[in-house]
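First chain written, first letter: the chains are A, B and C, and each begins at residue 1.
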């Protein structure tokens, strides 16, 4: 695959109280592609996101991004390296407006222009505001920018989560079941949106159950079952992979 | 001297343990702190005293007072918990602080802020057991406290309602699916905790000859301290915690002087929360948030 | 100005500062019911400096506030691991420990339970008190409009996700806790130099709880809320004279009702925005 690897997991293990959630996981993400992470419920997909972003420490193994070892870092340090994520259940800031969600995403990025609260660089501030405007336009959220997040309908809230993540200016965007709870129209909309985000040059790693999203978008798919990677490859390869079929449908007698 | 202090500490600790149990039960079932339990404690004693003064014989009066305390607790449930199920946990806590203020002020107005005490209800006989000086009143009070604790433990462990309480405490949704009427369980829990607090107040008032509208403030806070130090959400922990706080208090008064007692108790609470939030018996792991 | 109004407005100013001292940690999701302890530290430290070391008022106040703030940071760090109700209990325990400290230690300097008398011979003027109020109001004003203020609100709403946005939640929480302690310390110093008398009993749990109630009533989501709450709490008892001894019961009942009807308090950010009031705007309350 073209593009340099921007995120690499090597032999990652994680147990919770004796139960192995992730076992010997090795995978690498290269820049400029859309990846999928699929597997039956409980396969450990969200745990992988949590390990990458530092919510849980790894028991064993290494996670590297931009030449840094992520397992040594705290979550707020990890995401500042260019990683952003959304969540399986929507976790917005109840009292913030849509606009503020994007702005708070921008607030911690280490883009040139300084991060100090007393940053006086007017040009930089203007650029950030324009960028926030662009993000809201991209997602069709400009109309609701002053609405408090908790008052918005479900489908729109999902978009606000993405907007917040984009505000962080990530190189890699981790999406955890972005299509969950969306109707057909909204899922179509999501596909288009993710395509546009990809065109901005952002690499995507998507956890999804909805196969339209996975097969429609992803160039390369990782399949997890019981915490282990049982297959990886293009959509066509995965579709016919016996172990994958078995994992989803159960062993044929 | 040491044994005597230990004994006194256990006496005091048993009343704290009862309040701690009241806090813990509610904490376990609803994950919420009812700040007003200290005032229900007080109301138990005050109402009990009033009934006695009105002429009721002592045992029916006290039992009636305990029941009334339970009913008062149901009122708290109606206003501080039921309408606030969905709210962040801070909100019901503040609401119970409101009840606390309401009860204290009402008691002050209706009964006066003077200290009062229960009339002599039996001839105290003093026993000398080795170095220990025990009075019969102390024995009866302690026995009652122990009876209540054991009774509650059996209630929780052996009865159907007790099982219901435990399953709601474990997981309220699962309990509903399994057919437990969680609303009824919650109401029962409130009643029981109120009755326990009221009983504890009466025992405290009898032990220490103090009945006043302000008698519940410190025991309430110490009950919370006992709950935390002994181990959250764990009834046996509440008992251990209550004993610990009672003994600490008595020993610090005996060996360090009266002003030091609060210092020791709150110092213990502070350290407990910082060093070992799960308490002495607590086995609750610090929950990692689910993402 | 008659001494009645002088007392009233001085008390109001100090209460506003106390309310702001609770608001600061609350804005990052930390409920403190022990700020009377920080107030006590500020009061006693500044009083000891002016009385025993004859320092002028301004440095003493600052020293009292800074001392309280430093203690706040020291308490704030270990308290980070504890959330919600437990944190409230830690702060309550802390407040009581401080009260007991001044009851039993340094009594030769502070008079202990017998009280600290003769803190200067003239009460500090209204200008000092309201000068401090103005200073902190301006501070919170700029904070609310800044990036830092936004991150504080995010941390308040969801601190786990905030960390995953890159926000250093530890710094924010400890910082806001320390700021609250500092403000309470300054309020304490002003209190000491207005009433010219201190005793440890005053700085008890109920004092801490009152400060929390100012914020709860006035509004937890904006810094104007504590201002409103403190003002109402200071002025209302005067106009509710007819309630006499039942004022406590009234407040208790009011809090119970408020938590059911409008838990975030009277003021919210929406109400403070002008466009909320325009016809046809479908805003959301609270």
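Operating definition for what follows: a contact is a pair of C-beta atoms (placed from the backbone, for glycine too) under 8 Å apart; a residue touches a chain by one contact, two chains touch by 3 or more.
Just so we're clear, the structure is a prediction, and the values are computed from it rather than from any experiment.
When every chain is reduced to the mean of its C-alpha atoms, the one closest to the centre of the whole protein set is C. Using CA-based centroids throughout, the chain positioned farthest away from subunit A is B.
Subunit B and subunit C, compared by their mean Cα positions, are separated by 30 Å.
Averaged C-alpha coordinates put the centre of subunit A at 49 Å from the centre of subunit B.
Taking each chain's centre as the mean of its C-alpha atoms, subunit A lies 41 Å from subunit C. Under the contact definition stated at the top, the residues of subunit B that touch 2 or more other chains are 291.
Multi-chain contact residues of subunit A (touching two or more other chains) are listed as 55, 87, 91.
Touching two or more other chains at once are residues 160 of subunit C.
Looking at the complex, you find that subunit B touches subunit C at residues 32-33, 79-80, 83-84, 87, 89-95, 97-106, 108-109, 217, 221, 224-225, 228, 259-260, 262-263, 266-267, 269-270, 273-274, 277, 286, 289, 291.
Looking at the complex, you find that subunit C touches subunit A at residues 146-148, 150-151, 153-154, 156-158, 160-161, 163-169, 221, 269-270, 284.
Contact residues of subunit C toward subunit B in the complex are 31, 78-79, 81-82, 84-86, 88-90, 92-94, 96-97, 99-101, 103-104, 113, 160, 205, 209, 212-213, 216, 245-249, 251-256, 258-260, 263.
Those residues of subunit A that touch subunit C in the complex are listed here as 53, 55, 74-76, 79-80, 85, 87, 91-96, 100, 103-105, 107-109, 117, 148, 151, 164, 168.
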